[in-house]
Amino acid sequence: MGNRCAVIGVGQTRYTTKRRDVSIAGLVREAALRALEDAGLTFKDIDAVVVGKAPDLFEGVMMPEAYLADALGAAGKPMMRVHTAGSVGGSTALVGASLVQGGVHDRVLVVAFEKQSESNATWALSTHLPFNASLVVGAGGYFAPHIREYMRRTGAPDHIGTLVAVKDRLNALKNPYAHLRIPGIDRAMVESTPMLWEPIRYLETCPSSDGACAMVLASESAVTGTPAWVHGTAMRSEPIFRAGRDTVNPQGGKDCAADVYRQAGVTDPRRQIDVAEVYVPFSWYEPMWLENLGFAAEGEGWKLTESGATALDGDIPWNASGGVLSSNPIGASGLIRFAEAALQVRDMAGEHQVDGARLALGHAYGGGAQFFAMWIVGRERP
Amino acid sequence: MRDVAIVAFAQTEHTASDSGQSEPELILPVIEEVKERTGLRRFGFTCSGSCDYLAGAPFSFVSALDALGAWPPISESHVEMDGAWALYEAWVRLQHGDVDTALVYGFGKSSLGDLRSIMTLQLDPYYLAPLGLDQVSFAALQAAAVRADRAELDAIVRRSRAAGRDNPYALDLPDELTDAVAPSRASDVAPSRASDVVPSRASDVVPSRASDVVPSRASDVVPSRASDVVPSRVSDIEPLRASDVAPITDGAAAVVLAAGDAVAELCARPAYIRGIAHRIEPHYLGMRDLARSASAADAARAAGVGKGPVEVAELHTQFAHEEIILRRALELPADTVVNPSGGPLAANPVMAAGLIRIGAAAARIHDGTASRTVGHAAGGPCLQHNLVTVLEG
Amino acid sequence: METSEPLVARHVLEFPGGYTRTTGPVIGRFLTELRAGRIVGVRTAEGRVLVPPLEYDPATGDPVTDEYVEVGPAGTVTASAWVQEPRPEHPLDRPFAWALIRLDGADTTLVHAVDAGDPKALRPGARVWPVWRERREGGITDIACFRPEVTMIVSPVRPEYRIQAGGALRTFLEGVRRGVFLGGRCATCAKVYVPFRASCPECGTRIAEQVELPDTGTITTFAINNLPDPRAPEVPFVSAYILLDGADIPMIALVGGVPAHEVRQGMRVRAEWVPESERTLSMANVRWFTPTGEEDAELS
């Protein structure tokens, strides 16, 4: 795991359908400057910058980190650009942390963003090359069959997805940055919305958001302010077209979790982890990932959700921030999970703070549920 | 820092036109080759570099995983950058000390689209991209700023092509320059002479608009074996000539890094990374001195290029004048041999070409023909971003 | 017979060629500046800047000074009225706003049209910029209208590619043209992959052995898509994972010939091929998969 690394600054923009008032540079600067302010630093104090985002087709700017270099104070410094599909935000944090853990730098700024309103996500995610006939329409079209299979295997009742959709949006009402803030959200409202990709209802999906998130990571000697210490980092990838691949409970996710738990000394995640920010873009992925990440036995994840354990006042709150279901600037969504985990253990999450959070999990996944990035951050130095 | 070495390098026999292979099919032979060389089936870390806009589809790297045999699941990451930066990320990862081997690869098929206009998409989307400023045009602005001598540029191209003809992986490009390119339409190409190419300032150069330019099309290219290939035609943008421009190329490359005891187990003559650093500079072309590369100079200093002799330097020169800029920035001694592989002017598989420079520099140490070499990679318009490695036996 | 038809005539009161008004020095200066592409105000004795300039201070009647001050070109909307249906004489032929605009550097507001597109875009405080008429004559309409500040540009991005199906994909599509699904068996792990592919995703081994698979299989899971897609005949449509008999990995394909809500996991299906004469090197040769009527297969 290398040298110690801590999160010392977090910055987010408000997430919304269209940020009409800013350029791409303005958007990322907003998050970056807030993270620097949180750390009590300026661009001058930063050794290297890591940028992450999902496909460049969203903004129609190829490798935009080149254009953004000076906007992020990177002139004369090393800059990296990460792209690991939907998990990219998480991977961006891990690449930044790696620079500190490897002893290469003392302070690294990581930034992830998406300005989805410049085009349309379903278009960008459904551009098919000739000869490769595919009937997958957007991310929902891809994930719906796997959710259906989860329901068949576990016999989970239909309303579990609705519970998550409500719970995460209630949490979003406590997060000033959240995109979807739906007063009075309840099961009836979710159930009244149409099926888009059956079994996924409209309000069981994530929004398309504009937004950016940034963090300042530091080595032990360079810590300023309130640190969230990195206790473990892991990434895993598996081939999408492997025969016999379990798309409901992917091995890559299980292995990634095992790796990060081992580093952090976690043997019982349900008991030892105080709060988790997990990439749940469709409501059913909460029970699926509860099992994949070892918070519940196989087939039992939906029972944990149903019991209310994952609510803000439950014993293992998941997505206290409102999660991806409430804010989804795709390239940034993973980094937001990681950053929200850090905010929790820094006791800086505001109204959605989980009391006494000492150990938190940040999680992101991407591709056909085949790329995974995770970290565990804690209040204590490891 | 922990000692890390390049213990294997493989590249495809690059082609000037689309062979019809998918990206995983393109990568497969180089992955097989480095696995065979090292005897490794699993690596502690894997990282790759590629570009969605080259492939014309989002997530082009996803299917590449299928070429690796990534099972059980692997610890893996991807940069939307040249594979050289994937190597950098892997080098950083090996510094942690808990894993000892890493697989790095880069791949790209620039034959699929019009590379010149695709590269426009990398520019500032408000001030530069709407102008339709294409890759050859912005490179021409930099060439004008350098005020390079035509004879010197032609000599660089001739030397690179000659070296490429001796390199089984590079394209076979003719010794004759402009006249040999697309003879059927030679009349379209205004031959430039050294006497009329030296504008006094960059601002004197009016870049031709994208619409004035005949883009190279895959259909203009005679396919089949590398030796048969005529490079796709590029019209001149003063002061650049078509021959100054790296050829359209498809290809891939892979490198294996090792640290600790693994180094000696995997390679008889490992190429140790004694220094590696990269730097970026401001983007907007009017806000930097295009005649110099401050970021390449900074990276070279940080990597320690000047701490010893440099027998061979493999430079990521996609345009002839970039060699002049980089030679100065890296402060290479006069006796350093530049691009003995032919460099990108002889084969330029975009997103792999930078990694290939490092691989080619390592290969000279692997085969015992050099003991201290430099590999360089560049990204962004007009050498905006530069990475320098120093390798020693 | 007397009719009650109204007796109507058209009357036009038009001075031929238009009035010729002299402007005086102040208005003339303003319009002359406009023609030159500048907007000026005039300073009052108290130091206020009037735009458009008057010869007198509207508050006191005192003459203004002879100091002209360039203002704008941008300004801030202080109030606006939305015109949903413009009249022929209006400066714009589409919905727009009349607005009071305080140009930067001015102490008064100018009345002009704002081409805002949407009334919500023009709340007080909105910043607007002039759009100059291409041929200016020295009139207030030399400014064609004002428009909101540029906050977004449209960037068409349309790289073109020439995609070639070579290698394993071509092999597979050639099979599909013959009406056969070609798979490949990995020599190491014995798994059968369809479509045929160059290497095994699990172990990376090159796949040499081709396997012809039947065009029947089992639906393992599926989505009912309620969003239209050009590749599907109608909404809702079913995209399903179909495990061909003898294969170890499902293919994604359309299911047809059965109402969407009657599709089941485990349902047995068969490919419906387009007539041989219409077949090409593409998956379009398979219209969809349709139920065979066999008993459902057991899913693990």
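Assorted remarks:
A, B and C label the chains in the order they appear, each numbered from 1.
Here is the rule we use: a contact is a pair of C-beta atoms (placed from the backbone, for glycine too) under 8 Å apart; a residue touches a chain by one contact, two chains touch by 3 or more.
The model shown is predicted, which means the values in this text are computed figures rather than measured ones.
Using CA-based centroids throughout, the chain positioned farthest away from chain C is B. Put simply, the chain closest to the centre of the protein, by Cα centroids, is A.
Chain A and chain B have Cα centroids separated by 34 Å.
Distance between chain B and chain C, defined via averaged C-alpha coordinates, is recorded as 37 Å.
Centroids of chain A and chain C (each the mean of its C-alpha atoms) stand 28 Å apart. Multi-chain contact residues, meaning those touching two or more other chains, occur in chain B at positions 53, 56, 65-66, 68-71, 118, 121, 125-126, 129.
Each of the following residues of chain A touches two or more other chains: 57, 60, 129, 239-242. Annotation for chain C: residues touching 2 or more other chains are 155, 157, 161, 163, 165, 169, 197, 201-202. Every residue of chain C that touches chain B in the complex is listed here, in rising order: 153, 155, 157, 159-170, 197-206.
Taken together, the chain B residues at the contact with chain C in this complex read 18-22, 24-25, 28, 31-32, 35, 41, 53, 56, 65-71, 111-114, 117-118, 121, 125-126, 129-130, 217-219.
The touching residues of chain C, counted against chain A in their complex, run 151-152, 155, 157, 161, 163, 165, 169, 173, 191-193, 197, 201-202, 220-227, 229, 231-232, 236-237, 239-241, 247-249, 252-254, 265, 281-284, 299.
Touching chain B in their complex are the following residues of chain A: 1-2, 23-24, 54-57, 59-64, 66-70, 74-85, 91, 94-95, 98-99, 101-104, 124-125, 127-129, 234-242, 250-252, 255-256, 259, 367-368, 370-372. Of all residues in chain B, those touching chain A in their complex are 1, 46, 51-53, 55-59, 61-63, 65-66, 68-81, 85, 88-89, 92-98, 118-119, 121-126, 129, 277-284, 287, 294-295, 298, 379-381, 384-385.
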